[in-house]
Amino acid sequence: MTPELFIQYLFAGITYGIIYAIVAIGFNIIYNTTGIINFAQGEFVMLGGMIAITMNAFMPMTLAIMVAVLITMVVGALIEMVFIRWLESPSVLRMIIITIGISILAREVALHIWGESVRALPYFIGNEVTSVSILGARISPQVLWVIGVCSLMVAGLSLFFKFTSLGREMRACAANRRAATLCGINTKNMVTLSFVLSAGIGAVAGCVMSPITYSDYSMGPNLAIKGFTVAILGGLGNSLAAVAAGLLLGIIEAFSVSVLPLAFQDAIATAILLLILFIRPHGLFGSSEAASLKEF
Amino acid sequence: MDLLKRYIPVLFLLGLVIGIQLMTHFTGTGYYLTQLTMSAYYSVVVIGLCVLMGYGGQISLGHAGFFAIGGYLAGALTTHNLMPFKDYGLITFLDRTGMLVASKDLYGGDLLTVEPWAACITAVLAAGIIAFTIGGPVLKLKGHYLAMATLGFGIIIYRIGLATQYFGEADGISEVPGFKLLPGIEVSGSFGARVLNYYIAWAVVIVAVILLLNLIHSRVGRALRSIHGAEEAANAMGVNTSRYKLYIFVLSAVFAALAGVLVTHYNGGIGPSEAGVMKSVRYVAIVAVGGMANIWGALIMGIVLNFLSLRGVFGSYDDAVFGIILIVIMLFAPQGILKINPWQQVKSFFSVLAAERGEDTADS
Amino acid sequence: MALLEIQNLNRRFGGLKAVNNVSFNVEQGSIKAVIGPNGAGKTTLFNLIAGNLPANSGKIYFNHAQINGQKPYQIAKQGISRTYQNIKLFHGMTALENVMLGRHIRSRAGFIAGMLNLPWTWPEEKEIRDKAQEYLNLLGVAECADTEISNLSFGQQRGVEFARALATEPTLLLLDEPAAGLNIYETAEIGRLITKIKESGITVLLVEHDMSLVMDISDEIVVLSFGEKIAEDLPHNIQQNEEVIRIYLGDEDA
């Protein structure tokens, strides 16, 4: 493998990897406040991309993306308020089935609005042949957009959870819901907020990735599986580890193209998921002691 | 008395099956039988899954995978020509032991394929062994982890079907021959055999229902329910919970695989969509609507929903309907919409009466 | 040799030593009580004996065989049965079915026999049912037999759980606070029952906060505090033990 090709694969891996990490962080945010795995997480990414593409016909792209992210966040809030908020301590099984149902429904609505065709936002800068040279390899600037925007989101989120009072309240809610309630935190609103946040970051990712990966109504489940794999790899609830795990998966996938038939590329993540669930369900970086204290 | 209670609904079902066939005969609506046959086979998957989910308390989002293992293996074994390998020791051995059949293809060429019985047993056994192998680590998981692991298993099976030439890649397998169960009794989609196949399918369902009803009312069934109720305590009562979970997982996988084999022979083929995640979700949806721990509920909903879906009643909203069903049932009626246990109903009615009478005497 | 021997048993949760180097024996046919303030490690000790938790170190012998490291169901099969401080019954099942589960290790119909409903399983099923009913009768909760478990009162649930534990015909019965939440009449009833159980030859290891009950019925008492055994003696000696009194006065005015 030439060094240029190596760099090319590496960047492709990082691009996908950071998107998986964003989906994984979306899982984590909701999981931390509710103990629910939102199987519809991939649909947020899909909605973000698709809405932005539609809006782009009527307004400048920057505005279109902002509108798309906003609408997706509202959808996230609505999902929580309509389907989740009023359930009294639902069983895990019930929540799994409900969020799977939501994911199917979101997909079907998208199918009836946008059809089966594959679309894409235009490149933010230049077009598909524009490229910059990095260490001799030709890289599309959109790749740098994806990596840049997603990194900013990760950094922004960690600052939000560390330094704002709202972020701290959400973490308190994650650590101990009952105690948080006793301290006067409205945990129900925190849950809504967690849905809004994960819908938002998912939608942003859906927009920046759209020019490279394209968007269509059925992209959600595949992303969700990969995002979940990454979340598990990093240890459920641990978002910084999820970034590391995301990059790992993205890079493995990218380099697998040179050894495996393409048809199996999508199966890699699933195979890793099964493997990790069988061997270390608490993740590569988590401790089993901590994991056993959580209620699954 | 207990046995009577258990089997009367089965007799009722038998009557209904015969009644419906006669009705379609006299009204000239025999075309319904095709979908009823298919629905019957899918219901075998559903009731197997019902016992796993409702009684064993274990979710599986991968049962379409087991269905596909059965269908694909049976389909591939009974269609791929072994003539070119005729001289290999293994093939000669199989041929001598009667596991292979010779026939002619459309152009008069010689075909040598696996006998459907042998293929069926191989396929079901394979599904059972795979279930047994992955069941160990999978069933250690709970909740979301279990859901995701079974989902992942389903996806892998789907991908293997899609990427392997032996299984026909995106086209799947077609021209699967009929399956002669006994002389004169053949599972096939040929027009003339429609009524026969309707009865074959329903015979399979009835046997499956009886086996499962027996199981849940047995010592083992009680132990399974106890695992669902409180796993730690079940263990402390001497129930080897992981073994029981594994066995019920394997059993439900075998049911799914058997259904897959029969559907493939009936349809004359199988494609990747049968292995898709949406199929698995659909099976779970039906079990949920039927009321989780309710074989009759699962069976009825399995027939009704599959029948409507196969008739195309839901049109392009087919998947959406199942999505909505999942959400609505889980939001408003997590116990299922059917609570078909008339005896329980009657009994609880009388026990309420008795309790009230008891309180009256206590007051006076 | 004693029926149950616990040697240098340890269990930590993170930095907390929940059971710290505890050793004692339980003699065949006796009632032994384990007392101590809340959080002393009594329930953890039971979980270790019953195999629900692995020990960090130490050994447990039952009937001369080492049982720590075995699975709970294996330990149950050897004759140890238990109740829980926070009742653990099988929801979605009737009281009778709950107790029938207690007969699991005393019966043998398997998967195939169950699915085919083989005739030889019928008398076994009947015996399971009859015995279960007997134990419900013994505990005075016969009238709950066909009621789903979550519709029972707290006291009835305690009774059903007790019946379930007895139905296994154990050699050693572990009772975790059997009188908690019961009124004085019910508590006295439980006391009589435990004595009766002992007379039928079953050895009892008992965790209980009700001191008068403990002093009444137990042959020997072990006192735990912060995971450590601080005393082991006859009931009337324990009553005079300075350290025990100090712990209990420090904890509550008992």
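Lettered A, B and C in written order, each chain numbered from 1.
We adopt the following convention: contacts are C-beta pairs under 8 Å (C-beta built on N, C-alpha and C of every residue); 3 or more make two chains touch, one makes a residue touch a chain.
Source: prediction; values computed, not measured.
Visitor: Chains as vertices, touching pairs as edges: which of line, ring, star, complete or other describes this one?
Guide: Contact map by chain: line.
Visitor: By C-alpha centroid distance to the whole-protein centroid, which chain wins?
Guide: B
Visitor: Could you grab the centroid distance between subunit B and subunit C? Build each centroid from C-alpha atoms only and quote it in angstrom.
Guide: 42
Visitor: Hey, how far is the Cα centre of subunit A from the one of subunit B, in Å?
Guide: 34
Visitor: How big is the gap, in whole Å, between where the Cα atoms of subunit A centre and where those of subunit C centre?
Guide: 48
Visitor: Two-or-more-chain contact residues of subunit A, please, as numbers and ranges.
Guide: Residue numbers touching two or more other chains: none in subunit A.
Visitor: Inside the complex, what are the residues of subunit A that reach subunit B?
Guide: Those in contact with subunit B are residues 37, 83, 87, 90-94, 96-98, 100-105, 107-109, 112, 221, 225, 228, 232, 261, 263-264, 266-267, 270-271, 273-274, 277-278, 281, 296.
Visitor: Sort out for me which residues of subunit B touch subunit A in the complex.
Guide: Subunit B reaches subunit A through residues 59, 61, 137-138, 141-145, 147-149, 151-153, 155-156, 159-160, 162-163, 277-278, 281, 284-285, 288, 316-317, 319-320, 322-327, 330-331, 334.
Visitor: Across the complex, what residues on subunit C touch subunit B?
Guide: 50, 52, 71-73, 76-77, 81-82, 84, 88-93, 97-98, 100-102, 104-105, 107-111, 113-117, 121, 124-125, 128, 146-147, 149, 164, 168
Visitor: Going by the contact rule set out above, which residues of subunit B touch subunit C in the complex?
Guide: 3, 211-212, 214-215, 218-223, 225-226, 228-230, 232-241, 247, 251, 293, 347, 351
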